[in-house]
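Chains: A, B, C and D, in written order; residue numbering restarts at 1 for each.
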Amino acid sequence: MELKQAFDIVRQRSVSICAPLQTEDYVVQPVVDVSPPKWHLGHTTWFFETFVLQPNLKDYKVFNPEYNFVFNSYYESVGARVIRTDRGNLSRPGVADVYKYRTYVDEQMTLLLAQDISPELHALITLGLNHEEQHQELLITDIKYILGHNPLFPAYQEDYSFKERSITSSDFIRMLAGIYEIGHTGNGFCFDNELNRHKVYLEEYSISNVLVTNKEYLEFMQAGGYTDFRHWHAEGWDWVKTNQVRSPLYWHEVDGQWMNYTLKGLQLIAPNQPLAHISYYEAAAYASWKGLRLPTENEWEAAAPQLAWGERWEWTESAYLPYPGFVKAPGAIGEYNGKFMVSQMVLRGGSVATPPGHSRITYRNFFHPPLRWQYTGIRLAK
Amino acid sequence: MELKQAFDIVRQRSVSICAPLQTEDYVVQPVVDVSPPKWHLGHTTWFFETFVLQPNLKDYKVFNPEYNFVFNSYYESVGARVIRTDRGNLSRPGVADVYKYRTYVDEQMTLLLAQDISPELHALITLGLNHEEQHQELLITDIKYILGHNPLFPAYQEDYSFKERSITSSDFIRMLAGIYEIGHTGNGFCFDNELNRHKVYLEEYSISNVLVTNKEYLEFMQAGGYTDFRHWHAEGWDWVKTNQVRSPLYWHEVDGQWMNYTLKGLQLIAPNQPLAHISYYEAAAYASWKGLRLPTENEWEAAAPQLAWGERWEWTESAYLPYPGFVKAPGAIGEYNGKFMVSQMVLRGGSVATPPGHSRITYRNFFHPPLRWQYTGIRLAK
Amino acid sequence: MELKQAFDIVRQRSVSICAPLQTEDYVVQPVVDVSPPKWHLGHTTWFFETFVLQPNLKDYKVFNPEYNFVFNSYYESVGARVIRTDRGNLSRPGVADVYKYRTYVDEQMTLLLAQDISPELHALITLGLNHEEQHQELLITDIKYILGHNPLFPAYQEDYSFKERSITSSDFIRMLAGIYEIGHTGNGFCFDNELNRHKVYLEEYSISNVLVTNKEYLEFMQAGGYTDFRHWHAEGWDWVKTNQVRSPLYWHEVDGQWMNYTLKGLQLIAPNQPLAHISYYEAAAYASWKGLRLPTENEWEAAAPQLAWGERWEWTESAYLPYPGFVKAPGAIGEYNGKFMVSQMVLRGGSVATPPGHSRITYRNFFHPPLRWQYTGIRLAK
Amino acid sequence: MELKQAFDIVRQRSVSICAPLQTEDYVVQPVVDVSPPKWHLGHTTWFFETFVLQPNLKDYKVFNPEYNFVFNSYYESVGARVIRTDRGNLSRPGVADVYKYRTYVDEQMTLLLAQDISPELHALITLGLNHEEQHQELLITDIKYILGHNPLFPAYQEDYSFKERSITSSDFIRMLAGIYEIGHTGNGFCFDNELNRHKVYLEEYSISNVLVTNKEYLEFMQAGGYTDFRHWHAEGWDWVKTNQVRSPLYWHEVDGQWMNYTLKGLQLIAPNQPLAHISYYEAAAYASWKGLRLPTENEWEAAAPQLAWGERWEWTESAYLPYPGFVKAPGAIGEYNGKFMVSQMVLRGGSVATPPGHSRITYRNFFHPPLRWQYTGIRLAK
């Protein structure tokens, strides 16, 4: 696909995701990990303005110099930023102004894309598009959090539904011991954390061909899974007690029945759908209760060609660490991945909220162990 | 004035105050003491719905039963409430829905007001109007906080200004020792905390006929007032150090000049205007630095007929405590004042943001010592 | 009594209070308001060293210059201090060293007291003795806290008991409206906060001739006092819920019976003894539940000549504020009282832990509303 | 060595480590990660009483049933425990009682060890001894923390010193790519986390033959290492700013010279000694500044036979995770290691405070990234 066409598609998709929102929904930040939708719209735009247009488009005029202060996320190299917990306190710039900002930057990008694009610039714009795709997934999960934590439980769209298969049987795929190659290869886009491709030795293992379902997880709950410390990491057990956790996020027991909040509102739990919105602690506790374990990210990647994946981000038993020979990019872009390589766990696969084509079998997603507002699920191994 | 007319005027004023806002400004809560403007609009409406319409208008149908959960403030008798820090996390009900709610309740109130109104109901509605007037002042100060803490410093209205006199001279009024009567008398409306009228004995004292100005306070700052613990209460000194306070709220030193954020944006300090936005700690420290003190609320009330007041809420040296013979009203309305009578200081007078006619010389406002987002000022005594 | 004799008696009493302790008991600080006993012993000594000996005894040699850093409490004028929460982290100076410090300072004081003592110095030493007496009361209550919060519930002394009368009947004393004089008079010692004597006008009131008993308070508990918000100040209700308070401090329900920790260990509640260890919130809630109120400090003082008092510090409905004409002493000694005159409530009377002769009817004790590790009780008024 | 002899040696070493302490030093807990020395003495004793004597010595009588409440650390299976932050609030049981407890349990263990010991029991006692050796290292580092954070900077022993070599040259050892075997093998004792031995594939790498010295780290400091975010993980950078870190723990700049607190008191920095007391964040930032990296734990173990190690625990770039085929032991002993396998980093080697013979090349130590009160150091790789 042409870069210009890709740019237009990606930029439009962010706008489409927000189409069902009321103005007020763009503004709030109910918890630190969630950002206001208007912030995502502004921040992805700021990325193109700051890293693409300013250095590369002659005579480019910044839309509003104060926006750098508002829409920078965590790039320490690019000046002061609004501290993260404050994002939900900012009523200005308003939603209309943010859309004007998008339009302005898109027009300027169109000018730039009409020119000769060097391979380096091409790569940078592609990075910007992949960056925006990541924020599109966050847009969906953050909107879900904002609406799903409102006492009125408003739907995002009354008739919204993801395509999700029913899981009614499962099996384990056996993988032989030996040397496997891990990491990205080929000419397509990848993030720096997927490089470089390297050998690993894996002992023999087996990995499930499906994800754990709501029904299976409910059995864990009903067997007292949340009250038996033996299945939990010590810090997971503290997390359960401190937060009085007794079910996945968005689950509510209403008149004796388990329901969950979905993008079309409160619904009965669908027993055969893949479980979602659990923390690493819950994933590991469930696996322990089953007498099994989570796969490592290497085991996952080695088996991936034989797996159906993409409906849930799958917690692995691997911490997010650099691959052998990892080198971070120079400049502010180098802050993209490497600086997060501590205290987080890797998730593999992709989710119903991931933009089509965004993920791949070498893709390394990562979150802190207690976080569960993403569409996270469990695949078992042994 | 007719009750119906009073009702219409008060209800309209809340709407007028919000007229210059963008939708986004209605939603955010940058700090726990500030509420989102749409919450004020909904809560004052909920007051009429819950305490006036439900018990008194036949066949009254509640607008939305879930709104009680959202718009109750602190009336423990009336069911679960959204905890206060969560108000800024709620994008729904949206601003348009809140205005619909207001319209609906106003229509129903119109029906009720067309009927015979018992003296008790008249008193209750009058309380609701005075309650709404209190929230009108909060609307102004909360809007100022929301816009004044935005990095873009947007104006509320470009040409907005309060009528404020220049203070260029001052004098002390001498009051003789003796017995004075304190508390409300007469048939007009008052809050329960102003009752009952009782005698106090005051020693001889003097009280300033004007408020402290910005210029005078700047002298305190330039004399090192914020760095000399001797003028401060112990907890005030902790407050200064913990929060690194070095000026009143909304003051910013820009290129060596002191400016303050006002409702028309960032402005140069007006030297002869009364100082605003200081905490009790700052008021007391300033008085100590001058070798003077703040008046008690009794001293203030005794002298009030000889004072020009109403431009700033004036911190007194009195804690907020019940008057002799204080009795709180029965039921939920009884939660109005009495339960706050600990750990707060009394402020007397009124401010530029107080609705006209709302305050009186027996009026007892109260806030916690560190709070300063109201228009608070200093009057000295000795 | 001679000053030298008073000095010896007071200094010895601190040592006697600590005699039953193990070395380890001198060291810990289980909560910020409690100080390690060795700190009290050192701090009271540091007071004499710093304010009496250094300025007044020729060639006085400081025992250890680093002790100022350890034993200063809150006198900002006298240099850096160990922040208060850190006191329990300091194993050194050890207990033996602190006793050496006391001996050294006592010897030097003996030299000084053998000289001519000016009236000013006499007053200063008397202040130091009253200061040490205040810390003697804290020593007892802090030791009780340290031992009473240990899972082994060790006794301070197996056979320790205070003299406390049984309360089996009660009555209200009626006081007429009129002008009363409040504040200290005469030549005896008093703190600056008791001055100056001034007139107040009191409305007619009645005040109980006895304190509330354990049995009476148990009725409040059994009537659901801790679960009915209507009796509580808003911040008191938050305190109950946040801390899950359901009884006075040191009360434990063991096998269906209420016991309390006393200095001789866990004991059955004595029904007719005066209630102790309740917060201001609990005192006010109890009074509200009875349909009565707490007296103001002025009411208490006016009635005091007709009351038996001294078994419990009695919460009043008065905030701790300066009297008319209050002037704080110059220099570091001036930090003694005035700087605490915000956000605290006055207690009157004295307790079983107060050194004999220390209190008087003009004495103003003060604590923050939630604190209850002192021997605090309730006297009702109406 | 005979088990009885090993038991006697290990138990005596704990006592010897505490010999230089004053009673007060046994009691305090200045920070949550540090435990009072008397707690270590009691807890290691409780381990033998609970897991060895109670199930295995006929008619064994528990020393004091309440000690379980005090000396359990984190074994959820064995009943309620004093929450960790409370350890420093407990003056009782006193030091003498803790030593009586040790003597009693040692006597009972002597009775048991005179009987036939099954292989399972032998393994359990050996685990208890290795457990106590781990606490011996903590005893030293906790005592250092307690004394080194006292404003008087008392020495542990005036003439105490570890044997440490001067490092004056360094080289990199080149390791070839290939399959290596990782994990414990043979009949000796190991922890469950070292099992089971398994193959890994390593790419070619080089590893330094020495640790980073104080002098080298000082160069990093002087080059602005603590003020340049580019070398730091994002959460490391937050840690630096929040805690205002500007040097390793125990370093103090005195009159322009860097000194550090050692067990013999404040000393000038020894330039050629290995750096100690740095967090994982600092280790990683230093490596980044040098353009190098930390080794993984597999790289470390593969190279270990060619390394001199044992003077510092060496941070690796590996998170603490289970080995392939890891199985945790049944029962409470199973809580030993597995439940900590999240959010911690592996350290390899051993330190000057590690009991002789305790560590080995397969040994996996682990701590959270910000912790630095252990003797932690840096070995570089590339």
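Just so it is clear, a contact is a pair of C-beta atoms (placed from the backbone, for glycine too) under 8 Å apart; a residue touches a chain by one contact, two chains touch by 3 or more.
Keep in mind that what you see is a predicted model, and the values were worked out from it rather than measured.
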| item | value |
| --- | --- |
| Labels of chains that are neighbours to chain A and to chain D | none |
| Each chain counted as touching chain A and chain B at once | none |
| Whole-Å gap separating chain C and chain D, where each centre is the average of the chain's CA atoms | 45 |
| Distance from chain C to chain B - Cα centre to Cα centre, in angstrom | 36 |
| Distance between chain centroids, defined by C-alpha means - chain B, chain D (Å) | 57 |
| Shared-contact residues (touching 2 or more other chains) in chain D | none |
| Overall pattern in which the protein chains touch one another (line/ring/star/complete/other) | ring |
| Complete list of chain pairs which touch one another | A-B, A-D, B-C, C-D |
| Chain C - residues contacting chain D, complex | 22-31, 38, 66, 69-70, 82, 86, 88-95, 146-147, 149-152, 154 |
| Residues of chain C that touch chain B when the two form their complex | 74, 76-77, 177, 179, 198-203, 205, 229-230, 232-237, 280-281, 284, 293, 317-319, 321-322, 324-325, 334, 339-343, 345, 369 |
